[in-house]
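Here it is: the structure, laid out below.
Labels A, B, C and D are assigned to the chains in the order they are written; within every chain, residues are numbered from 1.
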Amino acid sequence: MENTNQTLLDVRDLRISFFTDEGEVRAVDGISFSMKPGETLAVVGESGSGKSVTAMALTRLVPSPPARYLGGEIIFKGRDTLKLSPEELRRVRGAQISYIFQEPSTSLNPVFQIRSQIAEAIELHRRDVKDVDAEAERLLTLVGIRDARLRMGDYPHQLSGGMQQRVMIAMALACNPSLLVADEPTTALDVTIQAQIMELLKELKQKLGMAIMLITHNFSIVADIADNIAVMFRGKIVEYGPTQRVLHEPQHPYTKALLECIPRLGAHKHRLKTINHAEIEAALGR
Amino acid sequence: MPLLEVKNLKVYFPIMGGVIRHKIGEVKAVDDVSFAIEPGETVGLVGESGSGKTTIGRAILRLLEPTAGEVRFDGHDITHASERELRPLRKQMQMVFQDPFGSLNPRMTIASIVGEAMKIHFRQMDRNARRDRIAELLRRVGLKPEHMNRYPHEFSGGQRQRIGIARALAVEPKFIVCDEPVSALDVSVQAAIINLLQDLQEQYRLTYLFIAHDLAVVEHISDRVLVMTQGKIVEAASSEEIYERPQHPYTQKLIAAVPKAF
Amino acid sequence: MTATAANSAALAAKPQTLWSTAWRQFRRNRLAAACLWIIVIYVGIWLYAESVYWTAYLRDVVPSYKVTDFDARNAAPSLRHWLGTDFTGRDNVAQLIQGVRIAFEIAILSSAILIPLGFLLGALAGYFGRWVDNAIIWLYSVVDSVPSILSIISISYVVGRGMKGIVIGMGLVAWVGLCRLIRGEYLKHKQRAYVAAARALGAGHLTVMLRHIAPNVLHIVIITFTLLFPRFILTEVILSYLGVGIANEPSWGVMINDAKQRLWLGVWWELGGATAAMFFLVLALNIVGDALRDALDPKLKTAEGSAT
Amino acid sequence: MTAYIIRRLLTVIPITLGVLLLVFFIYRVIGGDPAARLAGKNATPQKIEQIRKQYGFDKPKFFNWQEAAKTGSPAAAFDSQFWHLVGQFAQLDFGKSLQSNQRISRMLADGVVPSLCVTTPIFLVELSVAIALALICAFYRGTRIDRTFVVVSIVAMSISGLVYIMMGQYFFAFRLRWFPVWGFESPAFLLLPVAIGVIAGIGGSLRFYRTIMLDEMYQDYVRTAFAKGCSQREVLFKHVLKNAAIPILTNVVVAIPFLYTGSLMLESFFGIPGLGRMTVDAIYTGDEPVLFAMVFIGSVIFVIANLVTDLLYTWADPRIRLQ
């Protein structure tokens, strides 16, 4: 593992826009943040805040056209991924930075068995592995799938939503990446399954020590896993800092409002506080 | 006298299979459920996906035929009532839906969406009276009346839910089934819709069956909460009791799974 | 009452129907817009041809395009006859113009049969399901199991040569494609929440089928017509070659077949003229049909395969 | 899965019966008096009457209630035109040709091989070329290469197959003498017809398979494959192609009816003694029994092709195979 104080990821003034028939949509409007090895950063924001585009941009997975990288740098282990050649970029994807997505049911290839989808991830970056099947089985057990040997032969549609997400995690960890990007990993899952997947991610973080970037709209799930939180609103980072500080002493009015309007179990408040968008716009100096 | 009474409600869907597509089994979506709702009360119905909560909502409004049991609304047994018998009752019970993009007819203007309810149930109203009523309803749910000639795709998710609520209000109902009305919305917009529903309840003395999978939202808005899993109601109690003293292991598991933010 | 301005902000100046947004997207496709102009020109020619036909018909006189001139037989293209004359001395250009009329008449009359039939059966099958659906599925599977060319030939053969045979043949075969699409759309929309809302208001089946769902699927009729029109034209050519097509009227099929013998004598302009006349209309319709589908319903799967 | 296969096999019976009903309906019900048509143009009433007796057109069309009532046995109700036909066709007896008085089943047997020699190569070549080009379009999607293929295929589609045949025969056979103009003596005779058949149909097929490929490119599993570090080639040939096989198999059956048109035209133009040419001759000479049989047999072949592709498609899609 690299020495821990060196920054793993440094995003500087990243700018990405979508050019559609209705004109330019500034999805990511000049954001900067950085991550240390082993750190967990939660990027929280509502729909349209640009959080997913940011995550996907790390390894240039945002389809362009219609998107275009207008500016900024993404320095990962000292090199700007925006400038990497396709060949170099492919060596980063899956080996250094890997992803899990929101809809596990559609993110897995429906006509391939679990075994071959995980094996492919291993063979892409780890030619040295002799017994790929055994390694695949180890990974499935690592992510908490019982009787992994049996499950290897299944197709994605034969597994439950929670199991499919565990397979995605196993596939992402196949080449022990330095950074795991989780784009709304539990949004499509029931609350009980969501708790299990978050528990699993926390476990893997301690066991494997890889950095995690967690993208979500749900503030509640970030509290006990994230080291830092970045709050995004319409393509900008409006708040960025250690978890406890952001949750308990939010600076920006948007963060304050967002935290207050979440209904909390047992709070017995009669009315929820709503967001006054005009006030936020003013604060953003738009 | 409760506004709505459900006794031993069962809704089974046949599973077709085999060579000649005969019934080889059945899905017990709602399996012997009983509860009652008093006028002016908000009863929360919480459960994970596939627990059968939406099916109950649809069975009560007779959007599907119950397999067994009894549904009494305002004293009338509507379990197997014909469409003609149901028509007057339709005026008194309405529904707000989850999917803001699917709940409004994309090819109809807001005026005709909200107006249609009145055309069916208040035939004696002429065009101008109807337009005034629509304007008043839109204002009431926080939208500008001059947008009544616009089409659904021109509005945001939150605005569409408000239009759906205006449509439900148009027939001056007593009882509204809110089927996951805020699940598809962002948190900030969610809060505004929940407040709106509460205001409307106070002003029009409405009764709600509030269906959702988010325990915190249900607990916030409901007087009483029913917890449901695999087609059965496993626990029913006031919203404070459910949170402080959950009895059934499933409820305990549900509450434990809700992430404690801070 | 929190009527914050935010929740009614950001609306465009004037109302945007789905049709106007689709039209704006269609117009951005310059190739399709150009092809639309080609079609408009053909419509102009069609109307002119109709006037020529009907004035002659009403005056009970031989129309100009049928006037034979034996000593000008097989004339090469000249100033008087831009594309020369056929084996009976009739002017080729005049006949090609009538070919436009025949093509439009075949498309419109066939559609007058297939669109109501396909739409009605598709809606009934999709909306009511169960035995209605199974019966209609059996019906269109049977009709679809007979290769379209064979069933059209049979109907034209039995009904007799001429427009009537072709129109009935194509109409009674081509409705299956539209029926399948409409059935799929009704199945999809039936599950939508706005239909449940209408039912909850007490709207009857008929109201839901016609007032609520129908407007959401009408665009499919336009797309299907635009994509079927060129295939009607290409099918007419084959029917006329097989002798069950158009009789004693200068359709493009008839002209191509007549030109066949003389091609070997080096008379290429008759075949070239008819092929060109057909080509631009069929090409324009294919391009416009595709652009309409992308603008109105990008996810629509119209399985059209290759032209006959 | 086996239930699905058995049910799918069983559906062939109502469909085939339905096809016979449809063809019977066209030739015996809606088209005026079949006897008059068979008797030919200037036939005497006696001749028409004689034909009506000979072909049993005097019997009721579907159910013979009088007979059943008279003889009291319900079986007699089936003594009608349609059910006689069912019995006759069931024993593969398709009657005799009006022109050559030859047994039609014999003619069918002779015609199958030449027709297959033309249509099968067209089908296979067109399918493989179209899919290969579609893959290229997907690989270079959005570039000039992709756009040119789209335009070329739409242009190719907009020209009548008949014109392709005429031009092809005139230039390559008559003027340049590269290929024989007529006849069916050796495979060389097939080269030009097959080439023309492929060119006439490739436009539509390419456009169709290109849409299928592009639809797959926008699926979530493709994004996952790229995120894993797969290259464009791996994504296309490993992930997309195997998924695309399902819609391709489901819709390949759409291309088959166009083969019939191809066989009709190519065989009559190039003198290939196949089913297509027999059908064309039957139309020209008014040989209705042959036409009737050709349409029915053509449909049965198509129903079987439909069945085969349906079973292949369910086998290719694990979501159905392991239901």
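The working rule: contacts are C-beta pairs under 8 Å (C-beta built on N, C-alpha and C of every residue); 3 or more make two chains touch, one makes a residue touch a chain.
A quick note: this is a predicted structure, and the numbers were derived from the prediction, not measured.
Participant: Any idea which chain sits dead centre by C-alpha averages?
Facilitator: C
Participant: For this structure, which two chains share the highest number of contact pairs?
Facilitator: C-D
Participant: Per the centroid of Cα atoms for each chain, what is the distance between chain A and chain D, given in Å?
Facilitator: 52
Participant: Indicate the whole-number Å distance between the mean C-alpha point of chain C and the mean C-alpha point of chain D.
Facilitator: 22
Participant: If you average the CA atoms of chain A and of chain B, how far apart do the two points sit, in angstrom?
Facilitator: 34
Participant: Which residues of chain B are in contact with two or more other chains?
Facilitator: In chain B, residues 192, 195 touch at least two other chains, as defined above.
Participant: Going by the touch rule set out above, which residues of chain C reach two or more other chains?
Facilitator: As it turns out, chain C has residues touching two or more other chains at 2, 4.
Participant: For chain D, which residues are shared contacts with two or more other chains?
Facilitator: Touching at least two other chains: none.
Participant: Quick check: in the complex, which residue numbers of chain B touch chain A?
Facilitator: Touching chain A from chain B are residues 48-49, 186-188, 190-192, 194-195, 198, 213-217, 219-220, 240, 243-244, 253-262.
Participant: Could you pull out which chain D residues touch chain C in their complex?
Facilitator: Against chain C, chain D makes touches at 11, 14-16, 18-19, 21-23, 26-27, 30-32, 37, 126, 154-155, 157-163, 166-167, 170, 174, 200-205, 208, 251, 254-258, 260-261, 264-265, 279-280, 283-284, 291, 294-295, 298-299, 302-303, 306.
Participant: Inside the complex, what are the residues of chain B that reach chain C?
Facilitator: Those residues of chain B that touch chain C are 58, 61, 63, 83, 86-87, 90-91, 93-95, 97-99, 102-109, 116-117, 120-121, 139-140, 142-144, 147, 149-151, 153-156, 158-159, 162, 164, 167, 171, 189, 192, 195-196, 199.
Participant: How about chain C: which of its residues touch chain B in the complex?
Facilitator: So the residues of chain C touching chain B come out as 1-4, 7-8, 10-12, 15-18, 21, 192-194, 196-204, 212, 215-216.
Participant: Can you name the residues of chain D that touch chain B in the complex?
Facilitator: 3, 6-7, 10
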